[in-house]
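Every chain is named by a letter (A, B, C, D, E, F and G) in the order it is written, and numbering of its residues begins at 1.
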Amino acid sequence: MAFQILLNLTIAFFWMILQNSYTSFDFVIGYVIGIAIVYFLRGSLPQTFYMQRVWAIVKLLCLFLKELVVANLQMIRIVLQPKLKVTPGIIAMPTYLDTDWEVTILSMCITLTPGTMTMDYSEDGRTLYIHSIHVEEKQEVIDDIRNHFERAIVEVTK
Amino acid sequence: MMNNLIILPIILPAMIGAILVFFSKSQQIQRFISVIAMTAILIASIWLAIDVYNNGMRVIALGDWPIPYGIPLVADMFATVMVLLSAVIGVCCLFFAFRTIHPDRERFYFYPFYFFLIAGVNGTFLTGDLFNLFVFFEVTLLASYILIVHGSTAFQLRESFKYLAINVFSSMFFLVGIAYIYAATGTLNIADIGRRVAELEQDGVLNVIAVVLLFVFATKGALFPLYFWLPKSYTGPPAAISALFVGLLTKVGIYAIIRVFTVIFHHDLSFTHHFILVLAGLTMLFGVLGAVAQYDFKGILAYHSVSQVGYMVMGLGIFSPLALAGAIYFMVHHSIVKAALFLFSGVAEKITGSTDIRNMGGLLKTHPAFSWLFFITAMSLAGIPPLAGFFGKFSLIVPGLEETHYVVVAVSLFVGLLTLFSMMKIFSHSFWGRQKHSSTQANIKTGGLLITIAPLVVLTIVMGLAAEPIFFYLLDVAHEILDPSIYIESVLGE
Amino acid sequence: MFEVIMIVALLVLSVSLMLCIARALMGPTLSDRIVALDSFGLNLIGFISIFMILQNTEAYAEVVLVLGILAFVGSVALAKFLERGVVIDRDSH
Amino acid sequence: MELLMSVVVGVFFMVGTYLLMTRSLIRVVIGINLLSHATHLLLLTMAGLKTGAPPLLNRGETEFSDPLPQALILTAIVISFGITAFTLVLAYRTYKVNKTDDLDQLRGSHDE
Amino acid sequence: MSLMHWAILLPFIFAIFVPILYKYIRPVHTGWFVLIIPTVLFLYFLPYISSIANGETFYEAVPWVPSLGIDFAAFLDGWSLLFVLLITGIGALVVLYSIYYLDKKHEAIHNFYVYLLLFMGAMLGVVLSDNLIVLYVFWELTSLSSTLLISYWFQRDASIAGAQKSLNITVFGGFAMLAGFALLYVITGTFSIQEMIGQADVVINHELFLPTMILILLGAFTKSAQFPFHIWLPDAMEAPTPVSAYLHSATMVKAGIYLVARFTPVFGGAPEWFWVISGFGLFTLLWGSLSAIRQKDLKGLLAYSTISQLGMVMCLLGLGSAALYFDEANELYTVAILAAVFHLFNHATFKGSLFMCAGIVDHETGTRDIRSLGGLMLVMPATATISLIGAASMAGLPPFNGFLSKEHFFMAITDATQYGIFNMETAGMLFPVIGWVASVFTFVYCCIFFFKTFAGPFNADRFAKTVHEAPVGMLISPAILGLIVITVGLFPNLLSQSIIEPSMASILNGLPMDNEAFAVDIEHWHGFSAELFMTIGVIAFGSLIYVSMGKWKELSIYKKSEDVFSPLYDSSISGLIKGSQKITNVQMTGRLRDYFAYISVFFLIVVGWTMIRYDAFAIDLQYISEVNSFEVALVVLLLVSVLSLPFIQQRVAAIVMLGFIGFLIALFFVNLRSADLALTQLLIETVLVILFMLAFYHLPELRKETKRLTFNWTNALISFGVGLMVTLVAFSAFTFGQENDFSPISEYYIENSADLAGGYNMVNVVLVDFRGLDTVLEVLVLGIAALAVIAVIRLKLKEGDDV
Amino acid sequence: MKWKTNNLLFIHVTRVVSFLILAFSIYLFFAGHNDPGGGFIGGLMTASSILLLYLTFDKRKIDEMLPIDYVSLISAGLLIAFGTGFIGLFIGDPYLTQYFDYFTLPWIGEFELATAVLFDVGIYLGVAASALVIILTIAGDQ
Amino acid sequence: MTEILISILVLIGSFLSLIGSLGIIRLPDIYSRMHAATKSATLGVVFLISGSFVFFLSEGVFILQLLFTIAFVFLTAPVAAMIISRSAHRNGVELWGRTKHDELMESYPEHLEPERDNEKADQP
């Protein structure tokens, strides 16, 4: 991936030199052209096209932002309700993600999204302890995270 | 450019202090560099003093910025006297420290702190900018805080915390005063403030500001009733440090008072200077009563330091040429004598293992040279002629009577008597009487220590016997101080 | 009008800051106070952002970023201290 | 604004002084810290708070706030930081060695 | 420097060599070397007698501190010469005596001789200096050397106490005298006595005359052991006897007499002078003689006798000053001066010999207690003989010199009743009466001295050692003095023209020189005058009292030999120490909060008072910039945080609150247009909060102030005052600054930052360019703080690890 | 009592963040003469970033990674700051005189060279090192 | 037009910040409060910064630092949340009475299990 980005950047700069114009606009043009070139040459490159991964990231981000907004709406509701209607709890959630980086991203997402917050890991780092503000059903919370975030993260890293 | 000579007494110790940090593990290298550096500072100070005496006031605009905008260093005769003084005291205390302090202190930046303190003190003497004065004060104070607590014994920690708290409190008011001055005059340069203040007609607010600054400097200088920090904090650290402090630290406050109240606030003498006189009298009195009450060698000396501050300020309060010359003479005399006395307390402690004079006795029998050096110094402190202390007192009494300040003169004489009384208390308890220390202690050789103090003792004798050249010079200094236009015009180049 | 809105926002933020202060005073645990401090820092970022608009100067951009950084460093340091009794471990755990 | 700030500074001084007169080491240190804040604010206030642009010359402004007090305060802040840090350590060690943070118990006897 | 200056300095210079001689030439008693000095000096001054007798005076000035009006001016006239000869002559005898008195093997005699030479030089300086300050310098040196001599056996408590007492009292007088001299300088503009004599009118009529006179007399009276300052002299008897003979009878104690006589030409015409001198002298005479008879210590008796005799001389000088009032050297007045000078000399001779004899007795018997002594006449015949001569002279018996001066004394005090000034007709009648009574007691103690020691049966068992006559060397000096006593007694006019007349001329300086009045002619027989009857009465009553001593002995006043003023002195010294401790402990409580309270109250009073006195408060709304609503909100936030601090009971909460305050202040900095400040503030505040937490987390919880609530209110009130003051002065300073038209220097920075310093961030330009020194110093502060933190945390020494 | 802690999230984030802060601090330092920033602020920011590293990892690891003696660095900073003041002395100007000039280089364009930057480097080093020493010493005494 | 956008951003931002702070006040235990602090306060500040960013963008100034700040806040908020809440938990800060599970506590080795006591948690 790093090589591809470097290649892309080189193309962008090459474009700017050709244009003999060094504005950010030229850079963007050059970069877009670079993406196209790399896309077409992807077969000759050892890894999958990095823009695929970028796309996955964008999807993850969108999911994340959506959840974040939801989380805030939920928080507004909780806070502004005259009576507190919460049943918090701390639950353990084993994850099937492999690398530390993946777990890191997962735990960040968990924290910023509705009702949940990562509090700790097990020693091997593959079980997350999550504080949830609504634990009607423990498995429900876990499944929710599984379906949304773990999948999206795997998309990015696979 | 000769003007750059002024920076040496400040920058040299500061840089040496920094360099010494690199060698904190090596006692030998640190001592070697310290000696070389301290000697260089002494030479530079002498050179500067001679240069200023021959060629008049030296002013350097640091950074080459035009004067009220940048920071100038100003070396007039008054300042050079003080700088020279700090170098002399510095040399003696340094050598004394070599022979007395614990090696652990040397590993924990004793020498850097020492040089930083000297840099700070010299800076306060030489700076021509009020805010810069504050900064130098802080350098000095911080170095003094750490030197006082260096070693971290329970007593040191306890007392230095009080010392620090009170001084920090007054530093805050220094900043407050600077803020007021800047609001009222729009400038920070001391000469420029002096010029602007002289042009203003209304003086009520200026008097208030003057009093705020006086409050600040009086705290640093340990005037009544702001001296609470001094007595115990001077008894905690090793003798070399106490001596250095007493030689330099309160002088910084007094110097600032004299500087500020001659260059800036001299327009309402009847008010400010009378007030100063009242403080002076009370300071003398309460200080000496403290000394009379004590039985701790260093404690007596420390309380005397309070008392003697009163004399210095008395000179300013009287505000005549002779009185000012006397005040400066007294500052020099007191630094020398009291530094020597504190070092002697170290010698006594080294022999007897105590600083309580009730545990001492018969030192005259076992250590006659030490005893007589102490005696001469003690008599000088008490103002016995023909030693320096007498001329200090004399040059305050005569102008005091000339200006009809009878009460403060009476107090000063009474305090002189009590000073003698309490110095004799030390002498009669520790040096006379039956020997209380063991025969092994009696055989402790003190020659190496005494040789470092002897120059100070010689100085106090010489300053007395050769008072003429000194007063001839100091009267010049006093005339220079009394005419603020000399300072202002030299600095502002008008 | 625009300025009024900005000022209203500032006042809202002031209330928010006040609530943080209240939590810090109420406690009851150190953790609560750390949370309050953390949130306080974040709210200040918002405050300064609005100041930038009001004063029409980008001079505080660095301040905003620094504040973000410091709120983080501070909270982490305090929390770690609370957890382990030290801020800096001598050795690996 | 200058009036308001002066009052704020006064309140700082009031509380700071009050804390200095308490028995607890930490309160004294806090008091010192408050006082230093107060002096910084006062320095700023005393230069006049008439609004100009921040003192940056490359932003096309012509009216500026007074840069000098800002520089002075910056210096003062750093100095207070050094002093406060040292004070803290001193208080900390005083507590550890003397086993108390009560200044009344840190009086020492008259006979030392 | 003239030879006379070198003469004064010679003893000082020689003193330096004494320890060397002592150390390297042990076989020879150091006293032999020292003896050279007074002998040489005596021989040097002796020839001056003739020229002085011819009315010459000698004046040699060397500038010493001319900037302060201090010249080392040596002035020699008749009065000085008398003293110089006493100092050197008796000095030589005393040194000779001491060679036998002090054992070179067991005593630290080098100390003794250094002190003695120091004294000799100082005493010469006192009597030869014309400049008052130089005189004062030597004056204090005599006190100092006297103290050192008294403390010669410094391991004895009594020596230390006596030394300190003498120092305290004489230096007290010395300091007062210095002030008097300074006042004289203020009045006359000179320190030269000779110049002052010319301005005597100015001095007497000056408003400062009385304080000046009193201050100077304090010096003279303390030195000359005048009532009530006499108490140091008996305690000074702890000194080795040569010292007592020399300093405490012959020379130093007469310095006060010297000074009073010296100043008679300046002050003499004033009634105050007349009364104070003669009155105190008379009373001292009586008190001394009364006290002397109560003494059991031989030297104590002599000490009180000295006090008494000095009082007599003082009284005579006072009476004689009337001559200056009349501006006429009538014999009616000058006889007092004559008597004073004559008795001064006589006293030196007989008292010197008596002291030496007492010393011999002490030396040979090991005691000076008259209750143990007795019958020594047969064992020590030479000593007894010399003592008899001295005692008889002191008692005023013919044909010894004491008789002559006593006669003149009676003449002078009876004459004084005829002065017709200063109410002498009425109150003056007391003079002859008291003088006579005192003389009776003088006679009595002379009897006690001689008979209790030498008469009666001798009982060898009473003494610790075998008693025998003193070595010849020891007897030489008292014998010479005894010889003088007799010689002068028989040929009184030996001294008349050589010594007494020139001295009188000095004391009555400025009077019209009427040769008649100064033509001294002393005769043994001048008819059946009042004086003769008074002498006969003295002998008669004196003998009666001595014979009936057995009865008086039972009186409690006799049993207690201590002077009533001694306990007064002792209690005032201990009172001083206790009082000082009390005063010191009241303010130096060791409580930081007390200190802050004192300091704050002081600040409050001083600043507040100044503001009120100068009506300095000023406020003008037109200069004030506007306030926004959110600024008010911010201020409220800040005030809430700050005001909550004193009420917070958990330290962590307080620390967090401090963080809030710091952050809010950063916000203020932003509001007040300062990005750099805000950045710095934020950074530092964060670090500080962390540090606070580190340092204080383990401290005990903040306790509630346990004191009464009112106490807290006091503190609150004080702090409120401090805050108020800061605010009020801030208003005023700001308004004041706006009203004047000085432009702040910062305009220069705005104009020149970019062009001259090449920077656009003015704050940074000010920091690194315009005020670079501040900046590097603040880093220095930070650096010191860092090193200091290391040192405080890691360096752990124990008390007494080093000095 | 010792926690077996898994600091996964913390370590991974601070690894990134602390270097970002370090870069930012250097930016602040250089921005100083024309924008908010400078030696002090840059120095303190650098100290914060290193502090963050210490917070995240242990002392030994960081000491290995950054084998710097901060105490000496304080001195070095001070010496640089004090030392640059001497530049002016060689051409007869007063102490602490600073010089600057604009240069034009191909590719880079016009830029400013100022002795004040060297001075500021001294400040930067002094401040950063001092702050770190203070914190690390206190933290090390727990 | 941009002014309206900015106004909306700023108002939402300040409102969310307020919600965050209200949450800190209202929610029953430190763990729930942590939610409010991380979610609302974070988003609130992001909105405010965005408002400022847009304001200057409309004036033609692109302030990279503001974008960095947004990224930074997102990056660090979860870390802070985690370490604060974890430290609280390990120090024995009580959970709200109606809390259902505490599986974290169950995972602790026995000798490290903290006592639940808020008073003590504030003071070791």
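Here is the rule we use: a residue touches a chain if its C-beta (ideal position, glycine included) is under 8 Å from a C-beta of that chain, and two chains touch if they have at least 3 such contacts.
Everything numeric here is computed off the predicted structure, so don't read it as measured data.
Q: Where the contacts of chain E and chain G overlap, which chains show up?
A: C, F
Q: C-E or C-D: which has the larger count of contacting C-beta pairs?
A: Per the contact counts, C-E leads.
Q: What chain is the most remote from chain G, judged by the mean position of CA atoms in each chain?
A: Farthest chain from chain G, going by C-alpha centroids: E.
Q: What is the chain whose Cα centroid lies farthest from the Cα centroid of chain B?
A: A
Q: From the C-alpha centre of chain B to that of chain E, how far is it in Å?
A: The separation of the two C-alpha centroids amounts to 27 Å.
Q: On a C-alpha centroid basis, what's the spacing between chain F and chain G, in Å?
A: 30
Q: Between chain B and chain C, what distance separates the C-alpha centroids? Give it in angstrom.
A: Between these chains, centre-to-centre, one finds 47 Å.
Q: Which integer distance in Å separates the CA centroid of chain E from that of chain F?
A: 64
Q: In chain D, which residues are in touch with two or more of the other chains?
A: Correct list: 16, 20, 25, 28, 38, 40, 42, 45-48, 53-54, 56, 58, 68-69, 72, 74-75, 78-79, 82-83, 85-86, 88-93, 106, 108.
Q: When you check chain A against every other chain, which residues touch at least two of them?
A: Within chain A, the residues that touch at least two other chains are 107-108, 118, 120, 122.
Q: Scan chain B for residues touching two or more other chains and write them down.
A: 14, 18, 21, 62-63, 131, 135, 138, 142, 145-146, 149, 152-155, 161, 165, 169, 176, 179-180, 182-183, 188, 232
Q: Would you mind writing out the residues of chain G in touch with chain A in their complex?
A: Residue positions touching the partner: 16, 19-20, 22-23, 26-29, 31-32, 34-36, 38-40, 42-43, 74-75, 77-79, 81-82, 85-86, 89, 95-96, 98-105, 107.
Q: Would you pull the chain B residues touching chain D in the complex into a rising list?
A: Listed in rising order, the residues are 131, 134-135, 138, 141-142, 145-146, 149, 152-155, 157-161, 164-165, 168-169, 171-172, 175-176, 178-180, 182-183, 188, 232, 235, 295-296, 299.
Q: Okay, in this complex, where on chain F does chain C touch?
A: It comes out as residues 2-5, 10, 14, 17, 21, 24, 28, 31, 35-37, 41, 45, 48, 51-52, 54-55, 57-61, 135-136, 139-140, 142.
Q: Please output the residues of chain A touching chain G within their complex, sorted ascending.
A: 68-69, 71-72, 75-76, 78-80, 84, 86-92, 107-108, 110-112, 114-115, 117-120, 122, 129, 131, 133, 135, 138
Q: Name, in rising order, each residue of chain G that touches chain C in their complex.
A: 3, 6-7, 10-11, 13-15, 17-18, 20-22, 24-25, 30, 33-34, 37, 41-42, 44-45, 48-49, 51-52, 55-56, 59, 61, 63, 65-66, 68-69, 72-73, 76, 79-80, 83-88, 90-91, 93, 118-119, 121-122, 124
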